[in-house]
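Chain nomenclature is as follows: A, B and C, assigned in order of appearance, with residue numbering initiated at 1 for each chain independently.
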Amino acid sequence: MTVLEMRDVVKEYRLRDGLQLTRLRAVDKVSFELKPGRTVALVGQSGSGKSTIAKLLMQLERPTSGAILVDGQPMRYRGAPAAAYRKAVQMVFQDPFSSLNPYHTIGHHLARPVRIHHPDFTGEQVDRRVLDLLRRVRLEPSEDFARRKPHELSGGQRQRVAIARALAPEPAILVADEPVSMLDVSIRLGVLNLLATLQREENLGVLYITHDLATARHFSDEIMVLYRGAVVEHGPADDVILNPQHEYTQLLADAAPAPERRLAELRPGATAAGPRGR
Amino acid sequence: MTVKLAVGLTIAGLIVLFGLLAPLLVGNPSTVRDIGLTGPGNGFVLGTTQNGQDIFAQLAYATRGSLIIGAVVGALTLLLSSFFGIVGAFVGGWTDEAFSLLTNIMLVIPGLPLVIVISSYVPNKSIWLVAAVLAITSWAGSARVLRGFTLSVRGRDYVLAVRISGEKRWRILLVEILPNLIPLLASQVVFAVIFAILGEAGLSFLGLGASGSFTWGTMLFYAQNGLALRLGAWWWFAPPGLAIALFGAALSLINFSIDEIINPKLRAQTRAERTKWTMSRGVKP
Amino acid sequence: MTAPAVLRIENLSIDYLAETTVHAVREVSLTLQRGEILGLAGESGCGKSTLAYGITRLLKPPATITSGRVLFAPHDGDDIDLSALAGEELRAFRWDKIAMVFQGAMNSLSPVLRISEQLEDVFITHRPELGRTERRKRCAGLLERVGVDRNRLRAYPHELSGGMRQRVMIAMALALEPEVLIMDEPTTALDVVVQREILQEITRLRSELGFAVVFITHDLPLLLEISDRIAVMRAGLIVELDDALTLYTRPKHPYTRRLLSSFPSLTGERGAFVRNGRLGDEVALDETEQTVDAAMAEELEAR
């Protein structure tokens, strides 16, 4: 796969409130492209429609109108093209605690996708691949981790397993739905850095969905700002943050905690550079 | 293994053992003798009925009879409620709607009148028929609970993740969803068995049970007919009554323990736990 | 000259008595000055919420205070030992002098009662001598004070947005004009824009009413914006306590440095966090986990 494209996609939900039928437009004419090797950030607050876009990309929902194109062809939901799509596009979920089945070992979680996409592999080949995946996400000793169950792992470790599981089918595109927002603060950058490393090594196209502008800026090549289902700004990461065009983007940038601002107030001589004088 | 679970398993285990082995060791429970209603003693551990029948022997066979009913109803309920509850919720769409409708209808139909109607058509009921009737009137409640839980598990992230990987549907049901349902299923089965035993006792007491066979309920029925209470023949009605109460209590204890496994928060709530805490409160400076 | 202390925590220790005893809070000593905003920063499991619950005596078994005490100095009267209060005194004390806004407070409102009923409930419980009209007047005044229109009084919680519900919770906490307000992650579940508004409300209310605030969160940059002093907590210990400016520019403890560097600056240079991943995942932060653990181990040994 070379290009995954959303073209004017609209998703409407029909809500029933007694006898009244209202339409909720969760996604409003959104268009963008995902290419291997590029990271696109989708920034929005809760209710902006970003999770719906993730579900649409993962074939968990169908668009009301508009098209999702795979290398120029419309996305298929059945048959061989659908199976090929599922191999090429994978997702990392937000919640490390609910994305793993408490009954199964880590090895089982990774072995299943490997088996599905390589039915010809022998048991030994599958095991080797599972251990290899664990090593790539820095969960070592991998034999030990493969035997454990999810509740024996920390949140950060579980998220690494989720990343490993997403990598098992050797995808071309990775949809990361708020991959670190439920992790402890001091391990977030570690996991994001891991994702960045893997993206580079596998030449993945990554859709990084988040509400945090700061990591979106540092982690991606382009940023799309989503407000009430519509893309209000789309451009290279630094441009969108440092020179926002739309007022909503400006609002988001101003609302984010910015200690440098207060530093400047408290200490008139202080520069606006970071804490350690970078 | 908590005290609750140990006690429950021991009592239930002993009763099951009794039901399995005792009938092989006692005499014929139906033999009529001349001696009439006598208390314990004289070679009869629990005395005799008004027809001179050995009550202890009857108790042995009655235990087996009731346990059979409990087991059959438990198994049938498990099958029916799993099918209509779990499969329906998993498949979704029209199947789910249809199964749900059927479940709700079965819930609404009153059980006792249904049993009476069936009974009136079949004068000589066997244990199996009674078990079948009890199962048919009790699976619906379980099915609703299982359906609700399956719907919630189906929406969880790890099930979605496996769907995205391209797993086949039947494998998702068997491998991902079912293991999470096992504690709930176990609890529902135990409930069904308790209900079956109590239900059968009630039915038999009303004369609607398997009157030709020996169960705890039929023993109580015959004891009532033989005016055991009025005549003070406690050895006739007390043993089956106690057996029902003990077995019911033991199963309930097992069910509470299963609940604590499912919901660890309940573990801290028992009085024993709280006493342990107060006694080790730290010393103030 | 520093302002007088309104709350003094002296060597407080809280344990969870389970199969293995967990030392959630270890000999914490803190002083909260009148009218100051003290930020309490830490990640999950560090004991900050347990500390807050310990101060307000809301701990549930198996958590228990094993040593130390909490002294409250009201502006009128003698010091009160909070850890010694019990029964009726404790009930009367709670909310009157020290109030708390809990984590996930937006979901703490009863869904079947109107806002007015829930607000009035505070007055009915603690100020039974007030008449109905006076009560209503105060509730309306409270809502306006936190920036919610008074005609929302008759609404149910689900009719309000998350931000508004949070303001209602703050209003409830301020109802009896406490001298100390403890806020446990009050803005974590809110959008960044709403979060900014709530923070502005809190600072404004603080300058109007003069109460002290203990603001608990994991979001260190946020604390740097509003706090006077910041305490950093890890594994039940306070590893660093300093005024906001000094903590930000000259952090002393390895854990503080690690926490600070976990928040990439929005507008500053890309700094430590480099997207090419060239540095590997651990080295991106100023301090590795090993350095932090080593420092922590030393301190735990000393106790």
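Here is the rule we use: a contact is a pair of C-beta atoms (placed from the backbone, for glycine too) under 8 Å apart; a residue touches a chain by one contact, two chains touch by 3 or more.
Because the structure is predicted, anything quoted here is derived from the model rather than measured.
Looking at contacts between chains, the pair that accounts for the most C-beta pairs is A-C. Among the other chains, B has the CA centre that is most remote from the centre of chain C. Chain centres here are Cα means. That of chain B falls 51 Å from that of chain C. Rounded to whole angstrom, the centroid-to-centroid distance between chain A and chain B, based on C-alpha atoms, equals 49 Å. In terms of their C-alpha centroids, the spacing between chain A and chain C amounts to 31 Å. Shared interface positions of chain A, defined as residues touching 2 or more other chains, are absent.
Residue positions of chain C touching 2 or more other chains: none.
By the touch criterion stated above, chain B contacts chain A in their complex at residues 156-167, 175-176, 179-180. Considering their complex, residues 39, 45-46, 138, 184-186, 188-194, 196-197, 199-200, 211, 213-215, 217-220, 241-242, 251-263, 266-267, 270, 272-276, 278 of chain A touch chain C.
Touching chain A in their complex are the following residues of chain C: 43-44, 191-193, 195-196, 218-222, 224-225, 244-245, 248-249, 251, 258-273, 275-277, 279-282, 284-286.
Interface of chain A with chain B (complex): residues 58-60, 83, 86-87, 90-91, 93-95, 98-104, 112-113, 116-117, 162, 165, 168-169.
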